Each structure stands twice: as structure tokens, then as C-alpha cells.
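Note that the chains are named A, B, C, D, E and F in the order they appear, and that numbering of residues resets to 1 at the start of each chain.
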Amino acid sequence: MMKRVSSGIGGLDDMMEGGFPEGDNILLTGPPGSGKTTLALQFLVNGILKSGQKGLYIEAGEKLDKIIEHVERFGWDLRRLQDEGRLLMLSPQIRPEEGEDPMQWITRKEVHELVDQFKPERVAVDSLSLLLQHSREPGGHRRGVQRVIDSFHMDCTTLFVSELAHVYPDRLDYTTEEFIADGIINMYYQRDGNVFERFLAILKMRGTNHSRRVTHFTLEDKAGIIVHSEIFEKQ
Amino acid sequence: MMKRVSSGIGGLDDMMEGGFPEGDNILLTGPPGSGKTTLALQFLVNGILKSGQKGLYIEAGEKLDKIIEHVERFGWDLRRLQDEGRLLMLSPQIRPEEGEDPMQWITRKEVHELVDQFKPERVAVDSLSLLLQHSREPGGHRRGVQRVIDSFHMDCTTLFVSELAHVYPDRLDYTTEEFIADGIINMYYQRDGNVFERFLAILKMRGTNHSRRVTHFTLEDKAGIIVHSEIFEKQ
Amino acid sequence: MMKRVSSGIGGLDDMMEGGFPEGDNILLTGPPGSGKTTLALQFLVNGILKSGQKGLYIEAGEKLDKIIEHVERFGWDLRRLQDEGRLLMLSPQIRPEEGEDPMQWITRKEVHELVDQFKPERVAVDSLSLLLQHSREPGGHRRGVQRVIDSFHMDCTTLFVSELAHVYPDRLDYTTEEFIADGIINMYYQRDGNVFERFLAILKMRGTNHSRRVTHFTLEDKAGIIVHSEIFEKQ
Amino acid sequence: MMKRVSSGIGGLDDMMEGGFPEGDNILLTGPPGSGKTTLALQFLVNGILKSGQKGLYIEAGEKLDKIIEHVERFGWDLRRLQDEGRLLMLSPQIRPEEGEDPMQWITRKEVHELVDQFKPERVAVDSLSLLLQHSREPGGHRRGVQRVIDSFHMDCTTLFVSELAHVYPDRLDYTTEEFIADGIINMYYQRDGNVFERFLAILKMRGTNHSRRVTHFTLEDKAGIIVHSEIFEKQ
Amino acid sequence: MMKRVSSGIGGLDDMMEGGFPEGDNILLTGPPGSGKTTLALQFLVNGILKSGQKGLYIEAGEKLDKIIEHVERFGWDLRRLQDEGRLLMLSPQIRPEEGEDPMQWITRKEVHELVDQFKPERVAVDSLSLLLQHSREPGGHRRGVQRVIDSFHMDCTTLFVSELAHVYPDRLDYTTEEFIADGIINMYYQRDGNVFERFLAILKMRGTNHSRRVTHFTLEDKAGIIVHSEIFEKQ
Amino acid sequence: MMKRVSSGIGGLDDMMEGGFPEGDNILLTGPPGSGKTTLALQFLVNGILKSGQKGLYIEAGEKLDKIIEHVERFGWDLRRLQDEGRLLMLSPQIRPEEGEDPMQWITRKEVHELVDQFKPERVAVDSLSLLLQHSREPGGHRRGVQRVIDSFHMDCTTLFVSELAHVYPDRLDYTTEEFIADGIINMYYQRDGNVFERFLAILKMRGTNHSRRVTHFTLEDKAGIIVHSEIFEKQ
């Protein structure tokens, strides 16, 4: 029996037999403004509050302060969780004088010792795309994705945020991220008349009899993402 | 409680809980002729006149005189605001004999001293696309966007104009600008019979329960942009 | 109050508060055979005949004789206007022995002295695309467009013909020409049953409350372009 | 009054005030099998038989014998016309030992002396695309097109066959060939139920009030192209 | 009479005269989450259990443990099959100190001796795309595909998983994999209202009068893929 | 009167005045699994059996044994025809120690002596795409296509298989193969409800009043391709 890790969102857990397979790498894709960062943080926050699991958040854009402020409306006090030692938020602290870039930072020994000490059970990388855009490493995208994944692939379940939107199955080429992910959740908005409504769909979840339904969700104060899943119907 | 900075347009403020989150970087995208420059200047002018906040306008196309003349019809006297020391308008003054380009100008020490003395609370960069097209800096687009943003990311709220149009959520790739912006407003025109009508939509606004409605707007003499927002409806 | 320069076409002037803003750079885009050269010449010819303003025509394809013959049917005697010193028609006279190209010709000292003496109030460059295709200058397209514009940006209103068609607002990328133009008029044909009808639309005209209507036009003997604009309706 | 050169096809002449403008360069575009070679040869053959004008045919694919055989069914005896000195058919005779390519052949002195002696009034180049594909000349496509055109631009009317299909006016980029042609005729087929029917349209014809109608045509034994033009209606 | 190898899925065998042609190379294409890995493993597992044929599984992503766990729900005990010597699962064991990559590993002598000893009758390579992305070999994609195929092309029937989706026959370019495969099965999902349903189609199967029907399938616990083929109808 | 060579398929001959023009190069295009190899072999086999014409088959993928087996179901005994000296099947026998590639093999002296002795009247090259993908020859695709064609362009009618699908006439660019072919037959499948049906269309056949109808065909045991052409209707 495979162990499940709650996504922190009840309606989403219902769509995938109770949660993500423990230890898997999940890709969270969607256009800007589709709610990816919110889902990633909700996964960490509820892991801490409801399951007592420590969370690590890697932010590639160097804007931790802003992010903390932006999610206050959902009732999440990220500063307090950090003070209590239950949440670790990192953004690349680069040594430019040594020509270092974020990819090199992430594989640096001190960073790994820090992470090894913290022992997170949940990790969110926000975003893989930004982290790779920074990189000057030769050998390109593929090796970069693998290195980031290897860096944090201990005993934790990891969400990778990626700037991609691909709801339509007639696409002909897929990215490296999509090849190697154990699961893919797509978040997007769809125009309904003159209003953009929010939706998510689980496109892939290995070892899981997941819902294949396109499901409406909203962002609510003091709550975060609420998934309005209908009755779960088996595929 | 997050502080809000009025956009200078009542109907638009209503769509985003009162204004832009203070200190955020907002991307203003749309095709040529969609009203981006007008919105950027209206943000500065009304900030000066209604909130007493100083404004800085960076123009990459070296046509400040023309722009001043073009917006006179909206009742904006940019020359007077400059004379009063409430508005600072800059366009790249390059030292070609030193092989300098606009990106280098923007990071030059004298420019920063000028800006530091002026202490603007609102900034508009018009346009990011032109500024980057000028650039000869190696390392490309990504680093350039970051450098421009870092240059003016003090305590001010900044609008970045960008030549992009992306209303449709089925797009598969997003630009660096879109990844790193805290908010994105798309302005565009849509053919209705034989007439192109103007619309705007807020695609993203971190920390904000913003309207997701596609909203009609017009340009009016002595006023500028008027947003014809319906009653605000929560998402 | 902004000064207006008649386009030489009554129906088009009605669509833009009386004419182009004086001194502006206007982009004229459309597919081959859409009437761009005709509009550019009509702007010059009527400027000479009706407003007494001298006109300069830069032709990049080295076919001045043919063009003169082709527009005779509209009743325009370009040879006589040249003889009377009211029209100057130039095409690149390159010094191949010096490795010169059209871009270098256009910035050559003799050319500028010639233009300075002539003092045109209206200029048409036909076409920007051809002029740039010739160019061997490093630094590419962007710098080339700027150099051509700078070369003739004295006190004259200038039409730049460009081989582009972009009526649909869902396009995602725009060219340098479109970024830096003060106005854009798109000319095109649209299939109506089995017949291609001619249309034009003003996509952008800074400082102008222009019509946003897609408007039918025809080419008529002894007249040139006739715009069949309906009653002007404000946007 | 502009002189006209009959296209050799009555229905097509009716669509363009009697024929091509004398001395102009006309582009004939369309997919493989759309009838371009047939129209080009019909222009030459009928010029010889009906107007007594000598014709030059440049074939870039080195298959003159096959082409002669393929058009026999239309009643055209190209061998006899050649024997009578009224038709000259050339294909590149390259000197590989000198590293020569077709573009160099076409500008070779002997070729020009041959053409100068023959004094054709009508020329067909079939095809421009193949001729340019052969070329190893640096400086690329644009200069190549210009050189071919310059080579034969004496006092003759010239048809350039080009492998392009562009009936739809919403295309955004045009080729060099299309920029510099005085006229463009597009030939294509369109699926009507399960059958591909043949059509042509004049997209551009400088100095000509041409039909803008998409017109059906067929290929008939002992005749060649028959254009089924309706009554000519002015645009 | 051509020998057939059961696919391990009854409904799929019915669609292709009883199974894959023995010894052929079959391409399995589809987007992430379409069930390719499941089909590849079901082919091996049922080959072992029902036909007593040994199976070799090459996994390019270095996640054998996870894959074993993910398919437990289908009732497949891959660890036991390995212990019994009926299944061999390999993933690239690279010697980085020698600059080796997965392509070089796959052609290494020890690997081939291992495979030669094991004598598999069925092989699955999951996935060809990942294996090639790893490769640093010059000469590119084409030679790489050929080398992988040659490496395992003994007397076994081989499934190659490939990240491609191409249900629509109006595509204009095909990949090397598609050129050289003896058979192609496409797996994909299609949106039906708000639910993504699973489908497969046999696009090509040399020497086989295969079904050309798009067929629905599901993933079922204790079973794996169940193909809901209607009554087989001849093309 | 042009000589015709039967295609080996009655219904197809009816669509093109009795067969291919003798000595012409015909391009056979379509997606994988569309029946191109079957048509190419049927052309050879029926040429041998019904017209007593010897056939040469060039296979670029080095799988002659498989191909022989795959077409047995159509009743074709390719081994016997080879033994009787009526069919010659070749695949590239490369001398890698000399750095040779398939293109060089095809132009090697021994190969040409072999072919010269055999004197085939019908040739099939399967496929041109694969042959060119192998090639390392500088000068690229165009020269390669020409060299293959020249190699076998004796007195025989040749079918070139090419991996392309282009039924729709609104395509804007065509390949070298399409420019230089005397005829083009497109084979494809089209989804009709949930079933892919097979179709072919003659897009081009020089010197031939060919059907322009999209025609259904099937593959039948003991027969091969059967074209279900309706009554032939003239274009």
C-alpha cells in the first residue's frame, strides 16, 4: 500500500486517493497568476499545521519578503512558522565574486548541510523555470533539471512550480520537466463569457487512480485554494 | 493589512481592492496603440495631483517632447509638473564615445544619484522591450530585465510597459517579464463587427482578490482612461 | 492644440481629427498589392497641390520610372512636380566600389545636403523593409530602423511603408517598427465571397482620438484612394 | 497610356485591362501541380503565335526534354518554335570544374551575348526558387533575386515562377520576391467536397485596375489554361 | 504465416491479428500520463506470466524503485519476477569519471554480455526520448536512435516508449523514430466535457491488417490496461 | 503520344490516363503507416508479373528481410522474384572504415555497375527521407536529392517515398522534393468518427489530365492496395 501525503487541500486530496504518493516529484504548471505559488505554500503550511511535517521553500526570484506579505490574506503567518523552526525559506545567496549562479548555490556544501540539519518532509521549488534561467551551466536544461531534483530528493515529497500551461492533449512536444515528473497538476484560467475562471486538472499521478476531471477552484481569504470538486467519479 | 497605491483610475482601483500593492512591480502589456503609455502616465500624474507622490518616467525611445504633446488632450501638463519638481522625465543620455548603451546608462552612478535625490514614489518604465532591444550586454534578456528592475526597486511602485498581448490562457510559453512581475494587466482591442473596442484584464495581482473580468475602457479628453467596470463581482 | 497634416485623403482625415499629427512618424503596413505606395504618393502629391508643401520620396527598389508610370492613371504627373521643384524622388545611388550599401547611402553627407537644401515638409520612405534588407550594417534591424528615422526626422511628417499585415489583435509579437512609430495604419484585403475587398484601419495614432473602425476603400482613376468612411463615430 | 502585353489567356487578360503592363516583372506563385509552368509557357507560346514576339524560357531543373513532352497535349510544339528561331529554351550549363553554380551561369558573358542576340520580348524563369536553391553566392537570397531580375530586365515582360501559395491576406511576412514584383498572380487548388478545383487570383498588378475576384480555371487539351471568368466587375 | 507476440492486453491483441509481429520494433507514443509505461510493463509481465518469455526493461530515468512501487496496484510484483530471474530491469550505471553517458553505457561490453546471458524475448525501452536527451554523442539524434535499436535488436520484440502525441493526420513532419518503427501505437487523452478520457490508436503495424479505430481504455487495479474494443471491424 | 507505365493498381491508373508518364520521377508522400511502401512494392511486383518489367528496390533502413515478410500477406513472393532475376533489392552496404555513408554508397562505382547490368525499368527508393538523413555530405539537402535522382535516372520510371503529408493547399512552403518531382501522390488517413480511413490524392502529374478527387483505398490480403475510385470524372 502506497503512503499518501496530503496536498493540504481537501478537494484535491479527494481527486487522488488521499494525496500525493510519498516521496514523489510533482510538477505544478500554469500561466502567471494561475495560483501555483499559493498551492505550493498551502502544501507546506498545512503540512506543518495539520501533519506536523517540516517544510522547505526554495524561492528563485529573491522576493521572500513580498511573498510572505502576499499570502497573509490566506491567514498564513510564514514568519511565525519560520521562527518556530517548522518552515525554512531559502532564496539563492550567490557569491558573485566567485562567478557563482543559483544552480551552483543549490549544490553548494553549506546549503546541503543546512538542509540536512533541517530535515524537511515537504519541499517546494518556486520556480524551476526561474532557477534554470539563471543557470550558466553548460550541458543545458536537461542536466539542470536533474541536478535540482537530485539535490532535494531525499525522503521528501517535492512540488516543482513550472511556467507552462498545457491542458490540450494535442500538443506534440513535451519538456524535460514533464518527462521526469511523477505527477503533473495543471492550473489555468479559462474565459467564460467575459470572466476568467480558475481550473485545475491532474494530468498524471503515477501509482494513483486519479480524477481526470477539469475542476473549478477559487482563492478565499483565511483559507487559500478551495477545490470545488464534484463527487469523485472513477475513470 | 497590505498598503494600496491608487492606479489613478477609479474603475481600475475598484477591480483590485483599491490599488496596486505598494512597492510591487506591475507589468502592463498590449499591442501598439492599446493605451499602455496613457495608463502609465495617468498613474504618475494622478499620483502627483491626488496623492502628492512624486513620479519618475523613464522613456526608452528618446521622444519626451512628443509624448508631452500627445497627452495634452487629457488635460495633463507634464512640463508644469516637471517645473514644480514633482515629475522627473528621463530618456537615455548615452555616451557613445565610450560605447555605452541604454542599459549601461540606467546603471550609471550619476543617474542613480539623480534618482536618489528625487526620491520618486511611483515609477513608469516605457518600455522595457525597447530598453532591452538597445542593450548589447552579454548574458541576455533575463539578466537585463533583472538589472532594470533592481535599478529602480527602492520604495516605489513601478509600472513596466511591455509590448506583449496575451489574453488567451492556452499559450504555452511565457516571458521572463511575466515570470517575475508581481502583477500583470493586459490591454488590448477586440474587433466587434467592424470596430476595434478597447479592453483590459488583470491577469495577475499577488496578494489581491482582483477582478477576473475583461473590462471595456475608453480614452476621453480631459480625463484619460475611463474604465467602464460593472459592479465588482468577487471571483 | 496639436497641428494636423492632411493625409491627402478626405475620408482618412475625417478618421483622425483632420490629419496626421505634424512631425510624427507614421507606419503604413499591409501585404503586397494593398495600396501602400499609392497612399504614400497621394500624401505627397496632395500636400504639394493642396497645401503647397514640398515632398520627398525615397524609393528603395530602384524603379522610379516604373512607379511614375504606374500612378499616371490617378492623374498624378510626378515628372512635372519634380521639374517644378516641388517633389524630390530619390533612390539609392550606391558606390559599390567602396562597399557601400543603401543604409550608408542614406546617411551620406551629400544626400543630407541635398535634402537640407530641398527642405521637404512631407517624406515617404518606400519601403523600410527593402531598405533594411539591403543593409549589411552590424547591430541589426533595430539600429537600422532608428538610423533611417533619425536621417529624415527634421520638421517633416513621414510615412514609412512596411511589408506587414496585422489586423488581428491576438498577435503576440510586434516589430521594432511598430514599437517606435507614432501612428500605424494597416491596409489589407479581405475575402468577401470570391472577391478581395480593400480595407484600412488606424491601429494607433498618438495624441489623436482616431476612428477605430475597419473602413472600406477603393482605387479610382483620376483620384487615387477613396475612403468610404461612414459617419465618424467617436470611440 | 500604359502598354499592355497579352498573357496569352483571354480570360486572364480581361481581368487586368488587357494584359500585363509592358516591361513589368510578374510573380507566379502556387503549390506544386497548380499550373504555373503551363501558364508561363502559354504566355510565351501565344506571344509567338499571336503577337509575333520572341520568347525566352529559363528552366532551372535541367529537364527541358520532359517539359517539351509534357505540354504537347496542349497542342504546343516547342521543338518547332525553337527550330524557327522564335523560342529559346535554356537550362543552366554549369562549368563545375570552375566551381560555377546556376547563378553564376546566368550572369556569365556568353549567356548574355546569346540573349542579347536573341532579343526576346517575353521571358519566363521557371523557377526562381530552384535557381536560388542552387546558388552558393554569399549575401543570400535578396541579392540573388535582384541579380536574376537584373540579368533579364531589358525591354521584356518577365514571368517569375515561385513556389509559394498565399491566398489568405492574414499572413504576416512576405518574401523578397513579393516585395519587388510589379505583379503577383496566385494559382492554387481548393478542396470542394472531395475534389480539388483550380483557382487563380491577381493579388497585385501595379498601374492596373485589376479584378480582385478568385477565378476558376481548367487545363484543356489543345488549349492549355482556360479561365472561366465571370463578367468583369470593377472593384 | 507471420508469428505474433501477444501484447499482454487481450483487447489490443484483437486489434492486430493476435499481437505484434515477432521481432518487430514498436513505438509507443503519447503525452505524459497517457499510460505508456504501464503498457510497456504489462507487455513484459504478461509475457513472463502467460507465455513464459523473459523480459528486459531499460529505464532511462534512474527511478526503478519508484516504478516498481507505482505498478503494485495492478498486481504486478516486479521484485519477485526479478528474483526468479525472469525479469531484468536496468537503468544507466554511468562511469562519469570516464565522461561516459547513457548512450555509451548502453553500448558497453559488460552490458551486452549481461543481456546476452539473460536472453530476453521481450524488451521495453522507457524512454527513447530520455535516453537520447542524455546523449552527448556527435552525429545527433538519428544515429542515436539507430544505435539503441541495434543494441537490442536480437531475436526479441521491442517496445520503445517515446514522448510524442500525434493523432491528427495533418501533421507535416515526422521524427526519425516514426520513420524506422515497424509499428506505432498512440496513447492519449481527449477531453469529453470536463473529463479527460483515455484512448489508443494503432497508426501503423507492418504486415498486419490492424484496426484503425480510436479505442477507449482504462487502468484498473489488479489488471492494468483494459482495452474496451468494440467488435473488431475490418478496415 | 506520351507512353504510360501502369502503377500496378487498376483504380489508380484510371485516375491518370492509364499510368505514370514513362521515365518520370514520382513522389509518394504520407505519414507513417499510410501505405507508401506497399504502393511502391505493388508498382514493382505488378510491373514484373503483368508487364515483364524488371524492378529495383532501394531500401534505406536496412530491413529487407522484414519487408519481405511483411508483404507476404498480399501474395507477393519477393524472394522468388529475386531468385528469378526479375527483382533486385538493395540496401546500403556501407564501408564504415572509409567513413562512407549511404549517399556515397549509392554513387559508388560497383553499385552502378550492378544496376547497369540489371537494367531495371522500374525503380522504388524507400525512402528518400531516410537516405538523406544518413548523409554527411556538405551542400545539404538539395544537392543530395538531386544526386539520388541522377543516380537512377536512366530509362526507368521511379517512385520516391517521402515522409510528408500535405493534403491542404494552404501550405506556404514546399520541399525540394516537391519542386523537382514530375508527379506527387499523397497518401494519408483521415478520421471519420472514431476510425481512420485511408485516402490518396494525385496532387501533380505533369503531362496528365489526372483526377483531382480525394479517393478512398484499402489494403486487402492477396491483393495489396485496392483503390475505390468512383467513375472517373474529368476536372
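By our rule, contacts are C-beta pairs under 8 Å (C-beta built on N, C-alpha and C of every residue); 3 or more make two chains touch, one makes a residue touch a chain.
Values in this document were obtained by computation on a predicted structure and should not be read as measured data.
Note on connectivity: the fewest steps through touching chains from chain A to chain D is 3. Shared residue numbers account for under half of those found at the interface formed by chain B and chain C, and the copies are therefore classed as meeting with different residues. With centres defined by CA atoms alone, the chain at the far end from chain C is E.
Chain A maps onto chain B through a rotation of 60°, based on Cα atoms and reported in steps of 5. Taking each chain's centre as the average of its CA atoms, chain B and chain F sit 60 Å apart.
Separating the centre of chain C from that of chain D, both taken as means of CA atoms, is a distance of 30 Å.
Averaging C-alpha coordinates per chain places the centre of chain D 52 Å away from that of chain E. Within chain C, contacts with two or more other chains are made by residues 168, 171. The touch graph of these protein chains is a ring, one cycle where each chain has exactly two neighbours. By the touch criterion the chains form one closed ring, and its order from chain A via chain E is A, E, F, D, C, B.
Considering their complex, residues 2, 21, 23-24, 142, 167-174, 176, 178-182, 184, 201, 203-207, 209, 212-215, 233, 235 of chain A touch chain E. Residue ranges on chain F touching chain E, taken from their complex, read 31-33, 37, 61, 63, 66-67, 69-73, 127, 129-130, 133-134, 163-168, 171, 188-191, 194-198, 218-219, 221.
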